[in-house]
Amino acid sequence: MTVLSLRNLVVVVLLAGLLLLPIYAQVAGSPFLLTLFTRIVILAIAATSLNLIMGYGGMVSFGHAVYLGIGSYAVGICAFEGVESGFVQWPLAIAASALFALVIGALSLRTRGVYFIMITLAFAQMAYYVAIGLDRYGGDDGMILEARSRFAGLINLNDKTAFYYLCLALLFATIFLVWRLVNSRFGMVIQGARSNERRMRAIGFPVYRYRLVCFVIAGTICGLAGALLANFTDFVSPAAMHWTRSGDLIIMVVLGGMASPFGPLIGAVALLALEEALSGITEYWQIILGPMLLLIVLFARGGIDGILARLRHA
Amino acid sequence: MLLFIEQCLNGLQLGLLLFLLAAGLTLIFGIMDLVNLAHGSFYMLGAYFAATFAVMTDSFVLAALLAMLATLVVGMAVEVIAMRRLYGRDHLDHVLATFGLILFFNEFVRLAWGPEGRNIPLPSWLNTSIELLPGVPYSAYRLSIIVVALAVAFLLYLIVMRTRLGMLIRAGASNREMIGALGVNIKLLYTLIFGVGAALAGLAGLMQGAILTAQIGMGENILILAFVVIIIGGIGSIRGAFIASIMVGLIDTVGRSYLPEFFKLALSNEAAATAGPAMSSMLIYLLMALVLVVRPEGLFPAGGR
Amino acid sequence: MKMALCAAGAVLALAAAPAAAQDKIKIGFVSTFSGPTAVIGNDMRNSFELALDHLGRKMGGKDVEVIYEDDQQKPEVGLQKTQKLIQSDKVDFVVGYIWSNVLLASYKPVVESQTFLIGANAGPHQLAGEQCSPFFFSTSWQNDQTPQAMGLYMNQKGVKSVYLIGPNYAAGKDMLAGVASTFKGQIVGQDLTKWPDQLDFSAELSKARAANPEAIFVFYPGAAGAQFLNQYVQAGLKGKIPLYTAFTIDELTLPRQGDAALGVPGAQEWVNDLPNDANRKFVADYRKKHADVPGPTFYGAQSYDAAMLIDSAVKGTKGNLSDKNALRAELKKANFKSVRGNFKYGNNHFPIQNFYLQEAVKNPDGKLALKTVSTIVENDQDRFHEKCPMK
Amino acid sequence: MPEPILLVEQLSKRFGGIVATDQLSLAIPPGELHAIIGPNGAGKTTLIGQLTGELWPNGGRIIFNGDDVTTLPVHRRSALGLARSFQITSLFLDFTALDNVALAVQAHAGHSFRFWKPVRAERALRDPAMAAIERVGLADRANILVSRLSHGEHRQLEIAMALATRPRMLLLDEPMAGMGPEESARMVETLRELKKELTILLIEHDMEAVFALADRISVLVYGRVIACDTPENIRQNAEVRRAYLGEQQVATRHG
């Protein structure tokens, strides 16, 4: 295996591009790029966490965006009630997501296959409607975040570049964490359970509890992405956990490449950049994007990362 | 009491409409093991076709029949062009591919029919109300939906339980390899099932379209409900889909009408008015989660019979 | 991936276009241009463009560039597009917004960047009250005003009890609260329905009938209005329990509502037959230019006024856009011929204006049209202006 | 006779009206290679299922190494030292052979809530796994994806995985199914080696192998043990001949 295979090259270029983006945005005088890519990076964190359970663990959650919502509501509600310290808000976002993941995971992991897909959707929808019912916090409209999380002068989230780099650092940390995780003993159990659950039991693994822990870890990371999202948009609303948002996350992971460390990032960049670019060309951009997705599924197994990996052999 | 009966009727109507959609979905899922998110697109196409044919033919019934035929053709074409390449693939591939189809069909309709939606004009004999219970007029058209859907359910029951085709369908839903062993032209059978499923979705769409008008994206929200139905009922089971759709229809409608009052007992008026609708929208998901916690493969798993 | 790289490249290229020199006026227009409610966005765009035609495509002698963005009726998309307009396109004005929740989500970045925001439809109570801003102006109304007028009209008609139905989102709640604030009779029941998913109102109509009120009030904007009215007729309620509406019947939904809409009263600040010169010109030219679509609607009228408002301010400052205070003072004067008849701005930058009763009638040629029946209330100011700290 | 390591008492299992296991009793002393034979549908797989814990019996008890394991879940039995191979190959196809076996080692090396250390660098897992692979003769194939191995190699790997859990007892469900003569001979050799250290319960159709390896044989018909004895005596047993083996088959094969 050559060190500079096409796949590695793309990843290196992508990472370098992400690192240098604020400079480019500055030089080119288009700060909107920074906004666009901050959003992409945040959603890539969420997609990477989904990849942990879906790509590596075979647990297809159709309700993963619920943690985006829980994370952002934790920040939003704290801010609304006058608690503006990020040292309180963010741990709370993480803890709330972990707790929710623990509860729905404990119930959902009893089911398999498409039933698992649908039960996770059901729980996410319930959370969505609970959020709509939160009259004090804007109900269906959501609420404007009066001020971003404060970190006692450590970092100013209102500084767009600083905020971008914080998100980027957290993305890299997440990718690294997931990579270490899947190559640890724990990761082997999770992947083994995806590959052959029955055999895992036969050789003596209590699969359920490992899966549950994995499910909670993924939910927790995504909750953090939710806290970032609230700070990014200065706005919190139930829309963040609507099922279509969960679908977007799945599409990013599948498009980029499942069970690949950088797949979700590639998928997030590809999907959102594609949306932005196509919608610049025509108002009817979805008529191009739709068949494109279909073709990728039909002729490119393993997503974009899969194509890159195959091109290496060619 | 009369109101309660009326609400049950409303719920029954919604449930039966869901059944039309869910029947095809559960068969396609059960037999071809295909997760078809684009099923809602056929629902939408059915409504748009009916709107166009109604203007052309000036007859609602004729338009409905033509629209079903048209969705049947579109469904079979989609199967031949795209879907059959997806059999045996991962469910996630299905999700991504059929999501792409949704985008395509939505934009296609927007290009072909424009963004503003279409009205499906009803004949005057349907556009009235009938006094079903003393003092309670009920929409004749909603009543006709109940009748048509029940007729379709009965017809499906006859086909599935009494014919050779039905035997193949039942065999396929519980054990996919078996149909191949019986020496049947599977490709044709699959195309046919997919087309019929699409036509049923089209029927549901045009029936609902006459109340709600044909709209872009009208299929997506009801699609999730249809998935809830087939999961509760058990994938591949027509009987399960029937029972589950009526359950979902009743719970949704009755919950929507009484839950807010119920909340008023505990909460302030305004909080109840907001929390009530939110909670009643949650009910069906609560139902599905409960069913799955107790019976992880739905109420009537097709393999279990 | 190659494809994605190309796409990313295209984005970079698009975004990297050098910021234009400020010798022309840039306006960002955010509305819904996709999905079922795109008809409203189109009507707004048509009217705004017509206004530019009438102005010779110049404002105060300067060229005008308008960038239209689609919010997809989603708050977070609206926010993102708005941010793009401010940060990337560096527009001088942001105009539009049909939906209250989209406006609420997009509001903060606009006014914080000290860009003027002209709301051409949505008027959530927060923006009229505590969260009013020196950089926000409305050419429409505060959400409560129209239903308040309807409440007054029901009082005039001697209605004793009413059942309220509306969608469960910001404007929906504002609308129902608006009726409740002026209606003197009894409110026997209220339903807020899931929005925009729920389009079947059978349960709500059954409840309303069982509650046996003298009237039903509804607020269903856009396509949902047609759907509600159809179901109201099919349920056999027409002729039994009269319907009173706000924003439920307009020129866009009328073709699909057909005879169901005949005789159903609605309150509005603008009607297509209002007798003033500006309005006659607007309506006639719109129909000439866009013969193939229904319209114009009040959405369009408000957008037309928005263009005229901006033009009046630019003229007033002699094209000097950098003096924000002067520009604000000119905007506040509302020194232009509004198609609804002239109006004044209140302290919170919402119009103080008349509300009319409109009804659908059948023209001699068999076509349905809306016409003014009477003036319900004159020089009405919204009930939140006192909460706004601005003078 | 020493204390049996596996004791089955009055085991019953019904599926609807069908009795798959009928008052079955069995006692296997440590160190024995005990074979179970019987015609198709005799209930052999149902029996294995109950022994491993995938099925729960309707009645009776299973005692393993002095513990009542009748209602213990699969993974707990495995932890106690009861390992199985599958009749139909059941491996982790997208892992390498070594990863497969290492996972089996890991299963019995404490809990796996270890999130950080790269698992492929852990000698404590890799070395025993490699040893087990060597014992079944797959050392040169250790780093190949399992999906690319042959059927015979899959069967060998099955044994290696069972071994890697360091069991007290092996349950082998038709380890020679679908093998050519050469592969079978190799498998017999492997089992002969293992037999020196482990108690083995072998379910197998290949009579040649069974009679060559087994210390004792139980004959299962309609869910009941109709005979349990040494290979020599089973061959002579008239009831067994009648019910199952058939005069001719025994004559041609072993006569």
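The letters A, B, C and D name the chains in turn, as written, and every chain counts its residues from 1.
As a convention for this text, contacts are C-beta pairs under 8 Å (C-beta built on N, C-alpha and C of every residue); 3 or more make two chains touch, one makes a residue touch a chain.
Everything numeric in this text was worked out from a predicted model, so none of it was measured.
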**Report entry** Fewest hops from chain B to chain D - one hop per pair of touching chains
**Finding:** 2
Report task. Using mean Cα positions as chain centres, tell me which chain lies farthest from chain D. Result -> C
Report task. Starting from the mean Cα coordinates of chain C and chain D, work out the distance between those two points in Å. Result -> 76
Query raised in the report: Counting in whole Å, what is the centre-to-centre distance of chain B and chain C, each centre being its mean C-alpha position?
Result: 35
Report summary line: Cα centroid separation, chain A vs chain D, in Å, comes to 44
Requested in this report: Two or more other chains in contact with one residue: find those residues in chain D.
Outcome: none
Report summary line: chain C touches at least 2 other chains through residues 34, 168, 173
Requested in this report: List, in ascending order, every residue of chain B touching at least 2 other chains.
Outcome: 110, 274, 278, 281
Report summary line: The chain pairs that touch are A-B, A-C, A-D, B-C
Report summary line: chain A contacts chain C in the complex at 10, 24, 28-33, 35-36, 39, 132, 139-142, 144, 233-235, 237, 239-240, 266, 269-270, 273-274, 276-280, 283, 292, 304, 307-308
**Report entry** chain B-touching residues of chain C, taken from the complex the two chains share
**Finding:** 34-36, 38-39, 42, 168, 173, 190-194, 197-200, 202-204, 206-207, 209-210, 223, 226-227, 230-231, 233-236, 252, 255-256, 258
Query raised in the report: Of all residues in chain A, which touch chain B in the complex?
Result: 54, 60, 107-108, 110-115, 117-119, 121-123, 125-126, 129-130, 132-133, 135, 139, 243-244, 247, 250-251, 254-255, 258, 284, 286-287, 289-294, 296-298, 301
Query raised in the report: For chain B, which residues are in contact with chain A within the complex?
Result: 29, 35, 82, 85-86, 89, 91-93, 95-97, 99-108, 110-111, 220, 224, 227-228, 231, 235, 270-271, 274-275, 278-279, 281-282, 285-286, 288-289, 292-293, 296-298
Query - Complex contact set, residues of chain A against chain D - result: 180-181, 183-189, 191-192, 195-196, 198-207, 210, 213
